[in-house]
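You will see two complexes here that share chain A, one where it goes with chain B and one where it goes with chain C.
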Partner chain A sequence: MFNFVGPWQRLTLGLWLLVGISLLFVDIDIISLDPWGELLRMGQGLLTPDFFATESLANALWQTVSFALLGVTFGLLLGSPLALVYRSPWVAASCAMVRGIHEIFWALLFLQVFGLSPVTGVLAIALPYGATFARVFHDILQQAPSSTKETLPIGCDRLSAYFYGKLGHVLPLMLAYVRYRFECALRSSAVLGFIGMPTLGFYLETAFRQGKYHEGAALLILFVVLIGTIPLWSRRRLLPLYLLAALFTLPKLTGVDLQLVWQFLTFDILPPGIREVIHGQQGLEQGLTRFASWWQRLTLEQALPGAAASLVLAVSALGLTHLLALLGHRFASMHSRGKFSMPLGQLLLLIMRSMPEYILAFIFMMLCGPSMLPAILALGLHNGALIAYLLTRQDSLVRPSEQYQRRGDHYGFEVLPRIYPNLMSLLFYRFEVILRETAIFGVLGVMTLGFYVDSAFSEIRYNNAFYLLIVTALLNVLVDSLARRMLAKRLNQGMAVGQVSCVV
Partner chain B sequence: MLQIESLSLSYRDTRVIDDLDLSIKRGESLAIVGPSGAGKSTLLSYLYQQLKQDAALCSQSQGLVDGLSVFHNVYMGALARHSAVYNLLNLAWPMAGRRQEVELLCRELYLDAPLHKPVSSLSGGQRQRVALARALYQEKTTFIGDESFSALDPVMAQRLLSLVKARHETVIMVLHDSELALSHFDRIIGLSDGKLVLDKPASLLDGEQLACFFDTQMATS
Partner chain C sequence: MPVNLSVKWLESGKFLTRLGLDMSFAKILPLIFTCLFVPATLAESFTFTAIPDENESQLKTRFNKVAKYLEAELGVEVNYVPVKSYAAAVTAFRNNQVQLAWFGGLSGVQARRLVPGSQAIAQGYEDQYFKSFFIANASTPLEPSTNFPNLNGYTFTFGSKGSTSGRLMPQFYIERNMGKQVKDIFTRIGFSGDHSRTIAQVEAGAYQVGAVNYKVWETAVANGTVDTSKVKVIWETPAYPDYQWTVRADADQRFGKGFTEKLTKVLLEMKDPDLLASFPRQSFVEADNADYEPIESVATAIGLLD
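On to the complex of A and B.
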């Protein structure tokens, strides 16, 4: 009888077992005094958005686009060559570490060095995006069938063989992925406003903190429209023009104090004990003892509790994402319901996936106070909608039989089993992203790893921040490789996991 | 049962069926033959649309769901018989009674794969029999099949055809095997370029007369 519990059912049960365990530890109290009143005021703001409140609205949107554009461009310049040497474990490992640290933390790090300069924002996007491009391009290139290369004439040079036999197969896939990442970069760029970049997030935070919901709603609506209309304004021919414009309209570069940078690298981020030994202020033995006690305290008091909270939050959010992705696809798929619910569902998915998790969480936090609840809701809604959207794009490949009716049970037999492997692989790929995002909710006050990183930055203890960031990255790498291994057993060999299937 | 007069069907601006008259009586077994592109499958799906209420279709594309087990793929034939809740329950946890029914049906079709096996791991012949089992499990009075035995050996094809005929009042089938058509069907109609060019009782025909309706024989002659 248990024969019918196949690998996907087992994976689902395992997932929910984990979710159940983490729900035991999760903290989801509503701390706010008057959540309903606040919600009412926000709702009013949303219904009557004021598009003329911020005089620099157009500028905010353009800066958001231009940071994203420059970030992706530099990311491509960095990632494309790395993709060719990604086979080397050293390259792969360092890319994984760079990816494991969220844009916001890169920005916080660069902020200490470059100050509030556009370099900080662009680098904060370019670095993790470049590392991601390296990995995904490598994966995509591996997928190219080897049959073409075998039929090329003998004596064909390597470069032509590479371009014709390999790149030709997968170039559309790579371009589609770049397009998708550009959308992500727009979100990252908007969020960087929260730490002081002149992008959308900056104005959003100001508006919401001051309770100017009409203004905040206008910004949010414009942002959703901006993302929803990407295919309209982001034409390939216009891109060079946009890039030039982005370069010329960047806020003024501030000079970099090289002495400050030098001190940051050789003194500030070194752990206590070690740095005294290096600079000859302390003996080796004494220094090591000091380092050990610093390391022990930081690990026990901050790194481990932070990591545990991050995991609990991420797994709970994963459960909600799973539910919402299923629900979202059921609602917005062309194989379910009538003509009207589909466009409505698609619109809802667009709105939810356009909103960066960080902004969603920020809004929910205004409503119910700083517990894990806003973070879980934000992660679940954004990622669930994104997965559901990516699944609906593959709907036309699913051909139900002649007997198919648009009912729940028919959907369960004919559509769900066909999309489920893809749903799970997207979900597990998103787990890495979710875990990365949990860290940044620390900036909003949830006690994840990011909370301790943020506090370390504001207490100017750069060495603590640096160590905690490394722990964050390691946790990400570890969890990602575990998730991939779990999934790889269930997918056919050669089928790349998650990331690639989000673009096909 | 069905009366068609001067039927014309187009597929993407190309006329596939041209001015066709056909009547089908209840209790008949009808074989449709013709070379590739003659319009057989188009005619068959038209017939299915007309007879939908009492007919089960076993199409060439099979419509199997790779991720589901043999049981679930066969059970899908009965989706219309049960309530939505019951169907969903069976999706999560197959009921003993339904499993026995499906198991019996599979045994009759000489399908020895375990019921819980996903159909993605079956051979071509086994997949075809799962699709056939799904059509039989619909328990309709008319069977409409599009080359339902193409992946099976002749002996197996004859056995299964007998089973299909025993369980259905009326059988309409596109065939690629003149022997099978001659020995098991009452009536044979032949299509060529969308026109009906042959409509005779099988007893009045022989293999040579049918030869021009099959691609393979055309190639050798």
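On to the complex of A and C.
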């Protein structure tokens, strides 16, 4: 009976059913009574940005680039070999767990070991990025046609076969993906400033938190310009030069007290009860009882409610992202706007996607109060704009028929069906990212898992933080595998990797 | 493996050999790896950190002046490391990345528990009798009073999670006066992250009631950055001790006998208003660990410390 409802319509309906369910539980009250005073101050700040209020601004800009560059480089060193063995479910699962933890929390963990050192920041980017590279490169390599390999001369050594038969096909795809991740890394690098790395975020967060909007606006403008001008300054030939400069201008490295590291790993992050048993301070039975009560309390009071809130927030944001990506593409596509008025839409998308979600949420928090609404809006706008932008890049491949006119019905029949599979696969891929980003809103005060992790770190209870991080990672693995399974049914091999097919 | 044994294993060098083996794999970037494991003792300069309770702009510029003063008076190289949060300051203190820190009441207690033997040596003049203000949006019927207000059913925001004046003491007085836990009193609880945020959010009505550092409130009123027709002070807490300088236990061992004593003297003698304005305090007075016992017991009472 429902034969006329195609697989994409069904997937969309399923998505919105899920969104509908989460909207039943979501907390989207509008509370703020009188936000105008603060908004006026923000507006004034934006109109009269003060570029001289920040100390060592040039250094902060450079360090933002430098951390991103080093993070991506080490991520590549880590991820590329892993991509070759990604078929092993163990590698895939551990990579998914590593990806599931937000950069900010990796940094908070490394902070305990390496202190306020550039190693903390670079590793916090490199580790999750490496895990992402592993997965995406593996997916890309799978796309390579196997026919070339069969035509190679007999006796060709394995390395050459690999390079000419496989890598050669997909290298441009991989490079395009690396370029795209570099933009993400710039954003991550800035965000690491929130916890003390000397990047733009260090000053940006302080300025917004303390209501210094003139300074904040200036930093925000600089950040958007930095991301918008990547094609201008990040030339492939200059990269080695940048890398060397990044290595040599790193802030001073601090020493590592191995004894403290050891204590952190073998005592601080172990649950109470267990650690006393291991170190012989408590009997086994007593220790286990203590552990059980700790575990039960933490799970019931923090892990479960936090996980539920994270999911509800992420699914609601996914719905909004879907809508905004469709709208954004309609607005900025060359097939609906024409080449001349398209730049305006592109500029808007650039601003929206380079704005850190944190700042967006912060502004919406003032407007509509401390519910989940600011976080949903921020996530939806940011990711919607990002997906719309990636889709407009795919536009150049779409060739409408001769009769095509820039009208809704023509767009709906000719352009939309061609980009829709890509849109959906991007959306499902971004879901993992959205779920991870809910961590940031936890730090801002929305009661997601990130909120409890942040609290545990500020109460210096590393074992609580560690347990909650594991729960976060597991949740991510679960959701990711579900999303991939749902999508795999509908996409052919080439499309199943989503994020890849659209960065070219 | 017991800690002692494993530390011996670390020191025996087997660990380093193994590391050395790993290093040969990463030939491209030996630089990073060697730097990573430079022993902590190489840096022999005296480093401190400080987060002021208001105005965190231009941190380095302002506190480098303090560093210069200390350097001249102490005769050792002094550096300042900026941090973003109390927790980061505590971590840096524990890792021996800083030997001296300007802590809030609670973070000082946390730090001294993690580094046994470290001492509170001086506090701000104002910190002997610090207090928090409870502020309420004008749309609520709450009026200024010396009696604790009935806060049942309101929305409430603290400051940062690890703040003494924005979280610890307010939560303690709320729970003691209302006889139940905060989560059973308020319909919504927030952590604004900063005192000026708390003021802005209560003024905007995002939260009905909030708790704020009294000095930040007074500065905001004096500067006109708060509209007092929209938000007002409804109650103030009794006095408690807050910010203090804490120095690590091994300072004398590293910088010579009598260093801690000399440092205390130098801090107490800091009279330059320009330097003091960074904290901002009118002067520093003597303090010791015992002054902060009330903070410790309050933190234990509300479950922030074990």
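Worth pointing out:
Simple rule for what comes next: the second predicted complex is superposed on the first by the 480 of 504 C-alpha atoms of A that agree within 3 Å, B and C clash if a C-alpha of one lies under 4 Å from a C-alpha of the other, contacts with A are read in each partner's own complex, and residues count from 1 in each chain.
Here is the rule we go by: contacts are C-beta pairs under 8 Å (C-beta built on N, C-alpha and C of every residue); 3 or more make two chains touch, one makes a residue touch a chain.
Because the structure is a prediction, the values reported are computed rather than measured.
Three-chain overlay on chain A, with chain B and chain C fitting side by side and no clash.
By the document's definition of touching, of the two partners only chain C reaches A:Gln259; chain B does not. In the superposition on chain A, A:Pro417 contacts chain B only, with no contact to chain C. Residue contacts after overlaying the shared chain place A:Ser22 against neither chain B nor chain C.
If you stand at the C-alpha centre of chain A, chain B and chain C are 160 degrees apart, rounded to the nearest 10. A count of residues in chain A touched by chain B and by chain C gives the higher number to C. When the two structures are aligned on the shared chain, A:Gly369 is found in touch with chain C, with no touch to chain B. Touch criterion met: A:Ser458 reaches chain C, while chain B stays clear of it.
With chain A used as the common frame, chain B approaches chain C to a shortest CA-CA distance of 41 Å.
Contact residues on chain A toward chain B in their complex (touch as defined above): 3-4, 6, 8, 399-403, 405, 407-410, 412-414, 417-418, 420-421. Chain B meets chain A in the complex at residues 48, 57, 59, 61, 63, 65-69, 71-72, 75-77, 79-80, 84-85, 87-88, 91, 93-94, 114-116, 118, 138. Against chain C, in their complex, chain A makes its touches with residues 31-35, 37-38, 53-56, 77, 111-112, 114-116, 119, 194-196, 202, 205-207, 209-212, 215, 247, 253-260, 262-263, 266-267, 279-280, 365-366, 369-370, 444-445, 454-455, 457-460.
Across the complex, chain A is touched by residues 1-3, 6-7, 10, 15, 28, 31-32, 35-43, 55-61, 81-88, 90-92, 94-97, 110, 114, 137, 139, 155, 157, 160-162, 188, 190-194, 196-197, 200-201, 203-207, 225, 227, 230, 304 of chain C.
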